[in-house]
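Naming follows writing order (A, B, C and D), and every chain is counted from residue 1.
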């Protein structure tokens, strides 16, 4: 189980290579990588703020739940903060389980919780100015299925 | 959209690195990697047989469905045949979409179809002899949700 | 003339991966009956067709599929990919 | 004495990321009332608490949470990670 909260970029491929070496006896590896999206070509950059004293422990708590609920052999969460440009990788989740359904469910669960329960806030900067990204009802609703 | 059926090993990390460069404007990349599992430490190796004239077209048909149904920007399926040892990577699926739910659903759909509809057959070799892996009812049932 | 191909334990029971047959069968089911009547190894391989799948010209099909114009029929157990 | 920290637009409205307060508030809700009474910028930031979330000692909490023994309270909008 590992959590990394960092301003530095990361390489999802390299992370998967390292992560897949943790797999012993497990059959299924799932990864999710989030990429900064430029909805309509107007995004200059994004600033991600977080709550350093809370971020790590909050993600660890989420990960601990996922590991026990879906019997994961290993899990990884990476989340960036600071300045990101369109196309940059924001975050990544990886899970390993004996069975594919568990690996998929755990990765989706982690994503849903990171969206709405990990203390990150995004501010978008466009030619028209800056604005905080509002939380989406559907992201909050996504938690209800777990 | 790409399909590779090969006996050579592949590196999931390197595949994800290359695949993630196809992402333009999309927000979510999901990968699934299947690893040869050694249920009880008795597996020596596995032999995967396939139907060369059918395998590529069958997977392409599945992928075409996934791309249109979940609005994927890109997708990748790699599946090995031949001799594999415990811990080897058997196959990999990657999907990219604007939204995470689509990328996850498409990857799970591809996996479920590859399990039961792509013409591969696994034979396991242990100290006690060799036997063909039987299809599981739950894998067939998994198709019903789509 | 039609090519018939076999995979996995079907191939092992029949003993060849592929053969070209001269047949008057109109459907896959009739082809199976013809084969079963031919030799014990076919009778064994096709004893329980609920345990078998068939592809006609490389597409998954059903046992009542017609063979007119078909070049290749494949018999195999349920697939175990992934 | 209690540390109060603010994030995102709450921080921007209040104008500081962190302050240490001497308060007699027994709950988070009472602390908010105390702050709102203090200055316009607080009244603005806390105008609609349904748009806010609170963490007490770095754990997500509720507005009726007691403050006895608490060292840090954080106010912020709903989170947008991922």
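Here, a residue touches a chain if its C-beta (ideal position, glycine included) is under 8 Å from a C-beta of that chain, and two chains touch if they have at least 3 such contacts.
Please read these numbers as outputs of a predicted model, since none were measured by experiment.
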Common touching chains of chain D and chain C: none
Between chain D and chain A, distance of the C-alpha-averaged centres to the nearest whole Å: 26
Length of the line joining the C-alpha centres of chain B and chain D, rounded to whole Å: 49
Cα-centroid distance, chain A relative to chain B, in whole angstrom: 23
Contacts with two or more other chains, residues of chain A listed in rising order: 34, 100, 111
Residue numbers of chain D (touch at least two other chains): 82
All touching chain pairs, where touch follows the definition stated at the start: A-B, A-D, B-C
Chain A residues touching chain D - in the complex, by the definition given at the top: 34, 49-51, 53-54, 57-58, 79, 90-91, 111, 114-123, 132-135, 139-140
List of chain A residues in touch with chain B within their complex: 11-18, 20, 23-38, 86-87, 89, 98, 100-101, 103-104, 107-108, 111, 142
Partner chain A, residues of chain D touching it in the complex: 5, 7-9, 55, 58-60, 72, 74, 76-82
